[in-house]
Amino acid sequence: MTDWILFIPELYTLAAVGVFFFLCLCRARPGRDYAAAMVLSAGGLVLTVCTAGFEGLVFEGVYQVDLYSQVFKALIYSGFFLTVCLCADLSGVDKARHSEFYLLLCLSTLAMMLLASSVHLLTIYISLEISSYSLYVLVYFRRGYPKGAEPAFQYFVFGAASSAVMLFGFALVYGAFGTAHMAELMGQVPARINEPLVFTGFVLSLSGFFFKLAVFPFHFWAPEAYEAAPHQVSAYIATASKVAAIAILVRMIAMTGGQGDRMAWVLIFLSVASMTAGNLAAMAQKDIKRLLAFSSVAHAGYVMIGILCANAMGYAGAVFYGLSLMVMKFTCFMVVVKAADGGRNIKTDALAGLHQRAPVLALALLLALFGLAGLPPTIGFTAKLLVFKAAMDQGLLWLVIIAMFNVVISLYYYLGVLKAAYFIAPAAQPRAIAVSLPFRLLALAMIVFMVAGGLYPRYMMALAGAMTAGLFP
Amino acid sequence: MQMHAAQFPFLSTILLICIFGLALVLVLPKNSNAAVKWVSAACSAATLALSVFLFAAYDRGAGGMQFVERLDWIPSMGISYLNGIDGFAAPMLLLTGIVFFTGVVSMWELDFRVKEFFALFILLVIGVYGMFMALDLFFIFVWFDVSLLPMYLLIVIWGSSAREYGAMKLTLYLLFGSAMILPGIIYLAAVSGLETFSLPALVENASFSGFEQKTAFLLFYIGFGILAGVWPFHSWSPTGHVAAPTAVSMLHAGVLMKIGAFGILRVGMFLCPEGWMYWSPMMAVLAVIGIVYGVMVGLRQTDLKFVIGYSSVSHMGIVGLGFATMTVDGINGAVFQMFAHGVMTALFFSAVGHIYDRTHTREIGELGGLSAVMPAASGYFVIAALAGIGVPCLASFWAELLVFIAAFRVYPALAMISVGVLVVNALFMLRVVRNTCFGPLNDRWAHLKDMRFAMGMPRAVLAAAIVGFGLMPFLMYDLIQTASVPLIHSLGQAVGFAGPESVETLFTELMSVWP
Amino acid sequence: MIKVAVILTGVLLLAAYLVLLERKLLGRFQARIGPNRAGIFGLLQPVSDGIKLLTKEDVIPQGAHRRIFLFAPAVVAATALLTFAVVPMGPDLHLGGRKIPMVVTDMNVGLLYVFAMASLSVYGVVLGGWASDSKYAMLGSIRGAAQMISYELALGLSIVPVVMLAGSLSLVDIVDAQAGRPFILVQPLAFVIFFLSAMAESKRIPFDLPEAEAELGSGYHTEYSGMRFGMFFLGEYVQMQVLGALTAVFFLGGWRGPFLPAPLWLLVKIVLVVTAMIWIRATLPRFRYDQLMGLGWKFLIPAALINIVITGFVMVGI
Amino acid sequence: MIVPYTHVMLLGAIVFLMGMICTLTRRNLIMIIVGLEIMLNAAAIVFVGAGLQFGQIEGQVMALFIVAVAAAEVSVGLAMVVCIYRQRNSIDPQCMKDSPCVPDPKETGELLPNA
Amino acid sequence: MVPVNHTYALSSWTPAVFSFLAFIFAVFLMLAVLMILTGFLGEKRVNENKLRPYESGIIPTGSVPLRYPVPFFLVAVFFLIFDVEGAFIFSWAVAVEALGVKAMVQMTFFIFVLLMGLVYIWFKGGLALKEGKDKRAERR
């Protein structure tokens, strides 16, 4: 009999989905929807954090609850919560659709939570799809966007194609081993990973996660979708969705037990290509959200470094990287949401004079951008240190050097944003950005978190290490 | 490397004072410019006092690492908060203290976004202090980057000509450097297999293969060398200096470039002696090219700041040449030169900055006869110029002397070239001094007033340091000696070094008769 | 082989005479006589109809998509006919020691097969209407598609209780499960839903919006003539039979019945159901489009779903 | 199992490639979705084959779920296609030409079958 | 998931494949014969008016490719979702007694979700199919 206690956070989220569903059926009242979303997401966050110690198998072994999954659930939930925090001014979305917006967001969160715990190919596939579908639709929620549904459709086509490829890979893996349980696969895969069929199956099955993470050949949706989506949705895609992708990707690679040399080479290639392509493309961007999208692509490359090392530090590094990415990307989007007028897209120049209009935000942006560039003393540096150390332990000096070159390239455009925020004088009299007290506290919390993660990451790293310890057979 | 336990965490106190000052500046209300300046000045004075104290209190007889502090930071990766100073670091701390204090004071007339300026400035100094005292590779890198980051904003917001270009170029260059250092650090930590980032622990316990040392040293040399203005990577330096505001130029040329050299010394030479030996001829060649190049390009400049900027390149070349000799003398000279050049350049930029503030030009051709209206200001300028030339009885004379003594033994031809070029440079500098301070007075400047005493004070401190250490070089020399001799000794043990073994040098004898 | 031939011929003959039956009955409902010239009581009327259709000109309109236009009618007819492959006509025959099942093939997924065929028949309508390059035909086919897919849902869901009771998707098993009592007694709601949606599936009045003569001039087969029109026609009447047969199999106990031989019972039941349908046709006016869809989505589907839940709870014994 | 697993796999691979080619080369939105569906079905074929090979029900369960998920996918995709189609008709086609995603109707024929 | 030993459950249906094929063949043969016959027997007298599409007797106007009304697409989409979910219900229905109460509860939840979906599209006007008076169409 299923131990339902282990499943409580998911059940809670499901109930939250139900609440939003009923709100959808009622008359649209954005204020009420926002309040409900805040309360429910905060409650869920508390609940997931409280259940972080749970362990066990649910649903005949297809659903594994352990520290790894629970912490990831907490992370995903914080992504959701933070995104909801940005929704006070949800002017990018039609008023009548606010409750649906939260519904889909919540649904996507639920699916990602399921994803974090999935240890069966079927559950992985289903939860991945559910989370993606919600996002496809959310991307189209933007009010009055001139390109309409096209970016959403593009996102959809890429997502569906890569998940189909992934599914085919799953089929090959299942066909080779006769089991779809990760626990059973883990015992058998390392020995046979170099068989052509198994190898092909694995590479194909990773594509779905690469898509979520926006790794190089699967990244073309990112700029369009980020640009077209409401800011909050972009923030959600950049934070929670990435974290979930990292969670499952690490689980999948851990299944190979670090035995596949060819696999490692594929991953290295993707990692390098992803970093380089993302950074070079980002340099040409004027729109902040596009820029952040390409930087996401680049960061996917860095995360991959940690994952491809397939050692304890690499996994811990990837996990830590996910955490840091969430904080930093969220901070950037926080600024974008606040700086954007009425939910419009903004160019980099629109940040002009930010240091006067909202000093706290400007400081947060500064740290977030430095963090994204991987400079100390921010959390982004610690994350890079971890993945690079892991790569060095595998003897991949040159990979680290390439990555560091990319860091310098990325710095070019991050500094461009920073210059706009701190240096360029705004054309007109700058309109002060009203930053409410809770929001200011949120920004301060982000600042503290980023600096603390850079200067004193001891406990976070220990947590990441403890989480990934269970991934080894 | 010996280590002595500390009684009181003096080093962390310096950092804490700065951090406290930074926090205070940040929480002060927006328009309290005077308060911000006073807080910064107090903070800088306190750290200056502490660094003077450390400089004096360093036990020259015992040597080794003193004032060591240690705190486990990230045990899982073997990272600890480990501070300590030796004979190399103590002069650098003193230098930082001096330049910090004088920099704050020379920006006293700033009235544009004051709070932000001083906040960033203090942040920069925190990084510099931290870098000089850190003994853990992780923290070395962290402080290194902390000191680089505010630079971009400092130049972009408060800079002068071509500031955007200059700032972007500078930042990208320097971060490119840090992009070489980080892999190097992690590489060494990984191949050592010791799970530690502690520099002393690595020096003691790790045995790196020749290849590893060569690779890592190259990474460090390029990475830190960019900041040190080593020749092919120097080009950020003149543009950056020119673009930066006065205090930043001072700190930058005075201290930051030393961070680069210090990094090569601390990380590269301590950890990879074999790599050092392998690459030393290249270092020497590049250093000499730097010297020659700096001088030659400097000759063609008409902007005073460019003149100083390029002379910095050549002066840092002297440091590099000193390192490349692999002798006690050479290292003594190089470290001494780091100190001397820091103080001298700071004075130079400070004086030029003052002149620029008044005249709004730095073109040599437009200036002239300033000594008539601004005797004090041009006096400092002249002192700085003379120090730059290496006139005896000024600090840099001893430094250059030491380096060239060592260089003549190891690389006679290169030393010959550099000395020749420096003579040319001296003539040129004298001409610059004449064109700016003496000769016919340009009527446009006739109404200018000389600097007040309070404004002159920082320059006075710097000038005093130049002259003081020029007259009493042994104060510095004894200190550096405590670190350089063990380093060369350990080099002998580590790689079977059989180069010029002159521990008892000509200069030591010279020193004994000097006072 | 003989079995196949017999069933096929039987179905075709029955279809032909159902036309006659309908015309006769409609005549009676409307107080007229109906066809009575060809043979006694007009018994040869179907034959003459067939000959007429075969010799009519086969017009292909100008803008038509030729290939699709030509084949669409065959789809309708074929899918309707093929459905009979799984309808059991009676109990197994034992001839000379050999067991001969009275069904073309006893698929274990027979029910799904039936639905598959029903779904496929939509293609005939849609393609036929689309390929005609005519506005009426186009409108008819659009309506047809929407209506048929809507009601297919209700159709499928209404059968689920039957499947639950029988525990199998095979039509033979379903008939066997009704040995005691026909399912209409235990599942009256399912029967009603099934019957309504099946009528909509076969586009019978009052659900004949795809062809609605009055507004669309025959809808999707406006442009068809000759035997191709005949095939649509044939398909429709075979579908009526299918509907009768399925109603019989699912709810009326299939071929089971006292006294008479099994296939005859089935025939009787089919004719009964068809007569009921004709009766309805003669009585009720046509639905409006939104009413039609509303009935399907807002009433039949929820009712079918709830029926499933109730049946389930009764069965597992709560 | 009469048909060897390798043959099933080969069939799956061929179908998969067909779907992929359809998705990649067609410039008709509907056909792209069709291609996606074909890819999914190829995976389902391989799953069923593999399940038969090992005598497990898992393969079929997978196939069932794939069918369901595919339906959801088509729904989302079709809804978006409808939106795009409506926008194209309501907005001047000239300004839509700039966007890379939507094919030019003159070049590629109809966007939707006869619609 | 339990391995299935009863291979019949996994193999495709085998009984009476032959007679089924024969039936299919017979049906197709008959239709083919009819189609060919109608081609031979029918008279061929083509004229322009006959080839024109029927439009209540007038010369056709406008182009045939009409815009598909959006409600039809919506219906198609709804159908897709609900119909396929039917697959789960069927697979459960076959074995309802064997699966017992637990599966019944799960299926009830499933059907509940389905009904909620129906309620949603109902409330949101997805089922307001009255042509020309589509609320959603007006709102856009």
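Observations
Think of it as A, B, C, D and E in the order they're written, each chain with its own count starting at 1.
The rule is simple: a residue touches a chain if its C-beta (ideal position, glycine included) is under 8 Å from a C-beta of that chain, and two chains touch if they have at least 3 such contacts.
Heads up on the chains, UniProt names are A = NADH-quinone oxidoreductase subunit N; B = NADH-quinone oxidoreductase subunit M; C = NADH-quinone oxidoreductase subunit H; D = NADH-quinone oxidoreductase subunit K; E = NADH-quinone oxidoreductase subunit A.
Keep in mind the model is a prediction, meaning the values are calculated, not measured.
Minimum number of contact steps separating chain B from chain C: 3. Minimum number of contact steps separating chain A from chain D: 1.
Under the touch definition stated at the top, chain C and chain D share these contacting partners: E.
More C-beta pairs touch across one of A-E and C-E than the other; that pair is C-E. The chain with its C-alpha centre at the largest distance from the centre of chain B is C. Comparing per-chain C-alpha centres with the mean over every protein C-alpha atom, the closest match is chain A. Once the centre of each chain is set as its mean CA position, chain A and chain B turn out to be 42 Å apart. Distance between chain A and chain C, defined via averaged C-alpha coordinates, is recorded as 53 Å. Between the Cα centres of chain D and chain E there is a gap of 18 Å.
If you average the CA atoms of chain B and of chain E, the two centres end up 80 Å from each other. Looking at chain D, residues 51, 54, 56, 58, 61, 72, 114 sit in touch with two or more other chains. Looking at chain A, no residue sits in touch with two or more other chains.
Shown for chain C are the residues in touch with two or more other chains, namely 138.
Those residues of chain A whose C-beta lies close enough to touch chain B in the complex are 355, 370, 373, 375-377, 381, 384-386, 388-389, 392-393, 397, 400-401, 404-405, 407-408, 411-412, 415, 418-419, 422-423, 454-458, 461-462, 465. Those residues of chain B that touch chain A in the shared complex are 73-77, 116, 138, 141-142, 145-146, 148-149, 152-153, 156-157, 164, 168, 171-172, 175-176, 178-180, 182-183, 186-187, 189-191, 215.
Those residues of chain C that touch chain E in the complex are listed here as 1, 3-5, 7-8, 12, 53-63, 70, 74, 77-78, 81-82, 84-85, 101, 103-109, 111-112, 132-139, 142, 145-146, 149-150, 152-153, 156-157, 160-161, 163-164, 167-169, 217, 222-223, 226-228, 230-231, 289-290, 293-294, 297-298, 301-302, 305-306, 308-309, 312-313, 315-316, 318. The touching residues of chain D, counted against chain A in their complex, run 5, 9, 12, 16, 19-20, 23, 29, 32-33, 36, 39-40, 42-44, 46-47, 49-51, 53-54, 56, 58-59, 61-62, 65-66, 69, 72-73, 76-77, 80-81, 83-84, 87, 99, 101-102.
Residues of chain A that touch chain E in their complex: 21, 24-25, 60.
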